[in-house]
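Given below, in the form of structure tokens, are the structures.
You will see chain A twice below: alongside chain B first, and alongside chain C after that.
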Partner chain A sequence: MSSGIATLLSIPASTSAPGEASHSDLQALKDQANMSMPQIELPEEEPIEESALDRLSHYPYQVFVLSEYGRPIYVSCGQEDQLCAFFALIGVFVNRVRHNGDMLNSISSKDLHAHFLFRKPLILCIVSKRRDQLRSQLEVLFNQILSTISRKQLETIYEKRGDNYDLRRLLGGTNKYMDGSLSSWHYDLAQISSAIRVLPMEAADRNALSTTLVNSITSANVEGMLFAVVLAHRQIVCLSRLKKHLLDHKDLSLIINLVSNTSTIADAAIWTPICLPFFNDSGFLHAYISSLWENSPAHLVLLSVDRNTLKDLHLIKEDFCAKIQSSPKILNSFEAAVTSPQSFSPSNIGTGSEMLWHFLYRNISSRQICLSASRPPFIGQEERVLLTRSASRVYDILRSVDGIRQIFVRNKKEVLYVKAEDRYELQCVLSPFCSPTMASILGDRLLKALKTYEGRYFITHVPSF
Partner chain B sequence: MLTLGDESISFEASSSLSDNFYDNTNCKVCTVRGNGSMGVTFKGLKGDSCNLRIKDVGKIKIAKISPSGRVASVQRNENAVDFIVLESGDRENCIEFTQVVSSRSGLIRQVEWITSNQIVFITNNGLELYDVNEEKRNSKLVKTLNVASDWSTCYHPSRLLLLATGVNAATMQPFIIHHGQFTRLKPFAVDFGCSNSKKKLLERDVTVSSIYGSIYVLALRYSTRDSSTSDLLMYKLSADVNQPAKLTYTLVLGLTGMFGIHVIDNLVIVHHQLSRSSLIFDIGLDLNNSAHQPFLTTSLVASSRLCSIAGQSPSLYTPSWVMFTPNVVIDPFMGIFASLKVNPEKAIIEDTVLRLRFLMNRTNQKITVLNELSTAIRDRLKLRLIQQVLEIMVEKNAVSKIPILRPSDPTRSQLLCEDLQLLSIEQDDMVHLFVNIKEHPNISYSHLASVMLAYISILKVREITVQPYLYEVLVNTLVLAGDFLKLHQLINYKVVSDSKPMAYLLVSLEAKYSPLFQSGVDMLVREGATDEIVEVLLAKGNVTDALRYLENHGSLDRANALKALDAIWQYGDRVHKYGIFAHCAEKKGKQVWNEQYEKFSADFKRLYSEEEIIDAEKEVAFSKMRKFISPGAASSRSRLVQEPPRPGAASSRSRLVQEPPRPGAASSCPLILDTNTRYEIVKNDSSLILFPVIAQFRQLQDPRLTREPRVANVE
Partner chain C sequence: MLQSPLRYLSSSYGNYTAATTHRGALCLISDLIDYFFVAHPLSGRREGEEHKRVMYFYTQPGTPPDKTRQTEVTGFAEAIVNFMNDFSDKENQNFEGDFPYRDVMTDKTAQVYVQVEHGEFLLGISFDKQASKNFEYTIFMPTLRSVLIEAYKMFKLFFGPMEDFRRADETLFQQRLDYFFGRYFSQLRLFNMPLLNHFIGVDFQPLNGTPFLTIETLLAEVKEDFPAVSKMLFLYQDKLLYYSVSKADLPSLYRYLTENLLPMSLRAELEPNTRVPGGKWLTGPTDLQNDLPITLDCSPPTVFLTAADESYEEHKLLVYRSLNATICLFVNTEVTRLMMRNMDGFLGAELPKLASMIGESISTENSELRVSDFHYIYYNPSSLSLRTSFHQSPLVGGITSKNTPQLPAVPQSVHNIVCETYDRLLEASEDFGECIVKESRDWWIVIKKVNERILVLLLPPTFNIPSLQEAHSRIENHVFISLPKLKTAVYFSVMLTEYGKPLPLPS
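Let's turn to the complex of A and B:
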């Protein structure tokens, strides 16, 4: 890995003959980026003879969750029971190494990578044909499990019910959230950058909205009320918090996962206990989730510590909705932002913008990302998958090697330019004929433009109540 | 390998009625019958003969014809030579004129024709050179020189006359007779093993010959103690007239008895009468070694022609044989005059290298040498040995290229020797040889490639330009050998010199070994072949690199842009097409290009439909992925009835974790195990030791272990 990075960094910055540009190590990165999407649609009726394991090898990746004792809990393709033996094997791999006072992290071969995560009493394992961010995926999945069963519960459950307890009984019905958590790694750049995305909105409008939200909450004065979040399209519109309490971005993405994978919210509000492991991993909060109005993609999430506050929270929501609807200015701007968000267009940076095809900006302290609006040539499904792949790869490199400040990679179809500073990380995908100098100029111009429109694309202030 | 009598004639054997002489100037046998009155016949090996009849005025001692064949000289008196003008037609009554020696007491020992009209008399006390004018039928003294001698021998090609002087005739006094002048060379003493039984050096023991471009005087030395140490001493005459001849080589004979010496094709052949064998020496095999052993001992073989002349099985090595250099054998009693021929290709030499070196020293053996070399390479002769042979071969070829310096001043006396014909095997011949071997079935290509490399390296050491086609054959051979790594190295280190055809060849080899493509393109870059690079890159569908290269070296013009667009429309996907076209369009600016461009332009506009773009914008803005199939969603999540684990599952169990799903790839693919404390790369089977768990599981799965039938004790 490190040698690959070294080559990456040693790419000559000057324009060079074609001979110098290609390099076997670089090729690996190119292949990553150019690989067509390995999604295979399996036939509906699977032949009975085909063993479950043979089936697995067709998937690009597979995630297994099992108990410390090898009891199957979850597999991303479903039908855990058919794979009992394989679960047991994973269990033995991990336990055997633990027995030696060590911890198995991964087994990898040329094009198959297995990562293991042991979080007592669970073992998580991912087997993937790609190697990027496998550990992060397992950690996020574990958080997802914790959001259903708190760590405290998890630790005691096997003591109470015996080693052979089937945890699936407790997790019943949450498979879709786990599926959602895993699949988001393949399309949601917010998940890949382990950050959250903010719905573009004028700063004044957003402030008005959050002020209204805070007003509604303070006027209701509900005991135990902690956080309020307005979400739309897996993006944050605004949020507010109880004084002295902060909502971690990882918890926030759990909430986003919960909302985006619950199909019933569109019609009615739901009331569910949720454990936010980065807020408190031993207890549960209670979440009131409701769409703001019928068929609205925008949802209000209210979090309270008290399980008896459902009615009060409902009232806050009613009050908030009424306040918005009574103010046409807020309503209009809010609706416009939700139905047709003004994504940051590369043309904002002026001349040379036609070279800039895509960018991803990530603010490190606030964990917020800004994404460029879609433009050709990355239009089709597979074309956009290239972008997520490349982002995933870049983050993997940035996390695994310290001190990388800039990356410039000439690929066949595009040029990749990455700038990593203490405050932000910027990834740009540019025209293949963009020179390093030009890429750097465009990057600086882009940063300047983002600063100008900071209020629209980032939440800079979280009001408290 | 020695054949006697490929050219042979019979003549009237010596008898009381006839005498025979050998004319060494013209290589003819002269038969005199009845002291000339019955006729004089000169016969050459080619069957040419000359008959004349002279009066019987005394016994003829020497009979010779001038090199032009127009005057015959016969010596009947001790102090006079008679010249007979040979006119065409009437040879019955030829005109004679006589030349008496100028010195009063001079007795003629020998007569030698130097040119067609100059003759030298060697008398007991000097040399006398005469001009013979056949028109005026007289002769005129040109030059005399007083020098006493026992005997003399003449080497006609160099006009070299060797006089034996001194007490035991062992001091050689060479003269060059040139332009009517005697040029005296430094005298030198010959060691002949002087003893009581052999007090004087005899004429028959001394031979003068040209070997490897130098004149040597060969003298037999009989041992003073025993016969086993007899040897042949070779004195090399220096081209510089002021330097005395030097003993250069000693040919060890180790035999006793009668010897006959021939020098053919730079080989010294010593015939031994008693053992009926011929020793062959080749000083060229080791010019630095002064003592040579015969490298081959063989026997003469009578040719069919000789058999037809002298009966079915002519007796060979008879004591009556008289031998003359270079290759003449005369049997005066049988009346046979024959020449000896060397067939180097028939020489039986076990050592391949020695055989090749021997053949390379012979003239006109190019084809044989090439065939032998080809066989040696096919038989996988050791590379070191082949290298030796090739080195000699290249050396010879290089030497043969040096023009022989002729004396600028023709009036000065020079020791001239026969032109040495060196074997000249050019690179063309070698390439032809290599190609032929390459097409031969069942040969080792890697060995052949090594041989070629050895050859190229020898050429390079000698700073000889290597022909490009030699490189081509080398590259092709390496490809056949599958030794791409070596090939790549050779190109990287510029052993193979750059050329456009070579670059194309490398590019075309990409399918077999992909890094060669880059090597080929790099070579084109060094050749500065911009158009070709673009062409090659485009042909490979590498449009981006082609345009990037154009960007840096020259400009993107219409023709190139259209070619690039054509290529990308053929190979590229949408993203690629977009990038390329956008770039071309930007470069085009406001220029007007042809309708072909417009076609691409129209196509470009259709690449992305409006709806698609709007949909994509929405999906990105709404963080959605339409049609995205997550593995979880792909199969129905409904719980099936639990099926018992099938045996197939067990076999593929380890596959999913340890190996990529491709069969066969596992063996070349090590596993990387990463734990908190260890990071190990394990080859497949060593993991059994390092990772006991895997070993345990493999054991469990191994049917041979689980199903092993227990041996029940029957009793």
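Let's turn to the complex of A and C:
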């Protein structure tokens, strides 16, 4: 069974059978090793091991995935074969603590933080210079692995193939998705807040679009069709689902990761099996992913349980595209939303808004977030990084410390105002001169404004078919 | 150098009883920890001799010593230290300044390892999470670190650097570790509010000009008349008034005096018919009427004080007490009964007068710092001044306990919020910062950092603060009116102890 992202409509040679390619490379390496004399090999290998080790301290973070038996599977800097000793050590740490009936979670020193996650039969470890959300990063990475190898497969593979089985054969070619999953924590506030972003769009236009989508799906009447998602810029444009089935936001973020890290979608549609662990962690769905028009940042994702529905799904897409093209109103609003998204501008809240530099609102039940449009001082890349870090820290604190309702923090460069209620979480970055009174007034005004424009920034209704 | 100061470590804290501390304010550390160890990694380098690195291993009383486990635990700790080193810049791996540490979290335990003396020794402690939960103790890693480092510093105060001692006599070193830490950990109590064990400080007594000048004069005379006295320290009740020891030694000395030596002598004072006119020695031989040489068993304790060049100097610690005033004299020559007799003659005449003078002067001062409707912690890292409404002093228990019943007990979740927000929302590298947090049961937590000084306020739900705006104005209007001195201390960078006179800097 091929479970990698392998079967494509138009198949680029390099990803045709990555698992096998790396396997044969390994075999070649092994053969070489067998042939050469150990006396010659040792001095050659040592400097390589040194250099990989030396480099470890230069990365802001490093992630290791290994089997519980200590066998390397993935390392974010690549070259896992050079770091075997490290993998072994991580395995020993985790297993030693497990042996005592306990579980190792983290190690910290003054400026370095390591987190460990044991998900039988895998061990995941992150070593980072930042301490926020390390466990969440590993959990999401594990979900990413599950999307390629279902939990059921994972649980039985070592029983079937032995402790020494190299899981890279099954994961072959998916490293870029794992890299993508990890790097998203450094720029994507949706990932950080464990939510999804909605592309801003007038409610009526969004409804027209999703109705069109549902119409195309219903008229095709494809057996096994489950979900349809329109995405652009890692944001959801609209969604529809089969009656009685729900798409979890964590599964949705796996789909977003898949789409944004597959470069070939621009040229052709792809057809790939994917396990959505929060929908069903023991089986695969089949995803049809295609650009909506040439060079479009908007993509349509159709998910079906039946692996033989590729042609039918392709027809749905054709029909959907045709319907959009034939309606200038839908086409224009959709194109405008995709090409120049209108994020919420803080100036909407009236006087004093110049103090509000940035906000992130998160609806707890729908898991949707709304961000403010970029404005100074958060324009440049480094500035945006600071912003994501502060958001990441706030989320880490809100998740790890119970009972916080409001936070007002004034540091040298900014004021941070956080409000956590049962229905929502709001975090604002304000000017350092903002008083607590002003912060809470601006926060309340912002909440009111968001309510007024709810339809534009949130998906309040997901039509089913 | 090796006679034991340990007889001064009482076997129990007579005054830290349930009567003077309100429930849940303090926890016995021995109820919370699984183990504590001192390892010397170099001693266990050879294969088959790994257990030799274990210098000391404390486990729950009643647990039989398990060599295999001790070797395993210390080996694991050493491996973890090395593991993290591989990811750090090699240039940054030095031992200057801070103590390098590793925090290790597992489902069931919270462990801290600290390297001391340039990595020669590795100290480790493990807290049991379930036990901490049972005793409502909040695990806060920086506090666990402070506890471990303080334990080391206390040992060093009495025995000097570990490596020197180990080289001189390893067997005796191990015996002393065993004797010292066995007692230390069986009686150490931690505040349920972890920040109080994290901020390493002392409680200063604010004092007006005249009594303070009188103290200075008296101490100058002592120094003049007894040149053997190189450093001094002056306490009233359990509060510090004057010190000339290095600031590095001050917290450990202060803790030893206020938590061990003074409570022990206080118990003796409470016995009827033991009051002596003048004053009395709390350390050294009791019989001063002869001129016999002072034998080891009644010698005053030796302490190792930090010298100007950061080396260590041995001193004898002589403690003299009269009424509520305690004077500590650090003598760097041999102590004789004659010397003590002469000092007794001098201090016995002067100290009681001074003590009454201070007593009168502070009775008005103290009332001002008593508040009854909220909790606060004030810490100034540069002067080491630590002041709090949580403090349960064994020596002035009567006074503080008057307030405490009115203060609502702080829920554990609030302890946790205070620690985490302090640690993570205020930048450690910044000298200024402000943080206001609302808790779900309507506690408000305020942390202010001004020029390094830290003020933590815990306002209970009875304060009835509806909004952030209101919180802000109430802090300014009510809290700082109740605590004008804290406001001055925080905003105008004036040390709490300064009442016209700056606190003398360590010589």
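Here is the rule we go by: the second predicted complex is superposed on the first by the 415 of 465 C-alpha atoms of A that agree within 3 Å, B and C clash if a C-alpha of one lies under 4 Å from a C-alpha of the other, contacts with A are read in each partner's own complex, and residues count from 1 in each chain.
Convention: a contact is a pair of C-beta atoms (placed from the backbone, for glycine too) under 8 Å apart; a residue touches a chain by one contact, two chains touch by 3 or more.
All values reported here derive from a predicted model rather than from experimental measurement.
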Touching partner for A:L242 - first (chain B), second (chain C), both, neither: neither
Chain B versus chain C as contact partner of A:I196, first or second or both or neither: neither
Which superposed partner A:R393 touches (first chain B, second chain C, both, neither): second
Touching partner for A:D402 - first (chain B), second (chain C), both, neither: second
Touched chain A residues, chain B compared with chain C: B
Chain B versus chain C as contact partner of A:L56, first or second or both or neither: both
Which of chain B and chain C A:D179 touches, first, second, both or neither: first
Touching partner for A:F433 - first (chain B), second (chain C), both, neither: first
Which of chain B and chain C A:I149 touches, first, second, both or neither: neither
First, second, both or neither for A:P377, with chain B first and chain C second: first
Contacts on chain A seen with chain B and repeated with chain C across the two complexes: 53, 56-57, 62, 86, 89, 92-93, 96-97, 102-112, 114, 127, 410, 412
Residue ranges of chain B touching chain A (in the complex, touch as defined): 518, 521-522, 525, 533, 537, 542, 544-549, 551-552, 573-580, 582-583, 586, 607-608, 612-613, 616-617, 619-637, 639-640, 642-643, 645-646, 648-650, 652-661, 665-666, 669-678, 692-693, 697
Interfacial residue positions of chain A with respect to chain B in the complex: 15-19, 21-22, 39-42, 46, 51-54, 56-57, 59-62, 76-79, 81-86, 89, 92-93, 96-97, 102-112, 114, 127, 129, 175, 178-180, 182-183, 186-188, 190, 197, 233-235, 297, 340-341, 343, 354, 371, 373-381, 383-384, 386, 410, 412-414, 431-433
Contact set on chain A toward chain C in their complex: 53, 56-57, 62, 86, 89, 92-93, 96-97, 101-112, 114, 127, 393, 396-397, 400-412, 416, 435-437, 439-441
Interfacial residue positions of chain C with respect to chain A in the complex: 72, 76, 79-80, 83-84, 86-90, 92, 98, 100-109, 141, 413-414, 416-417, 420-421, 424-427, 430, 432-441, 467-469, 471-473
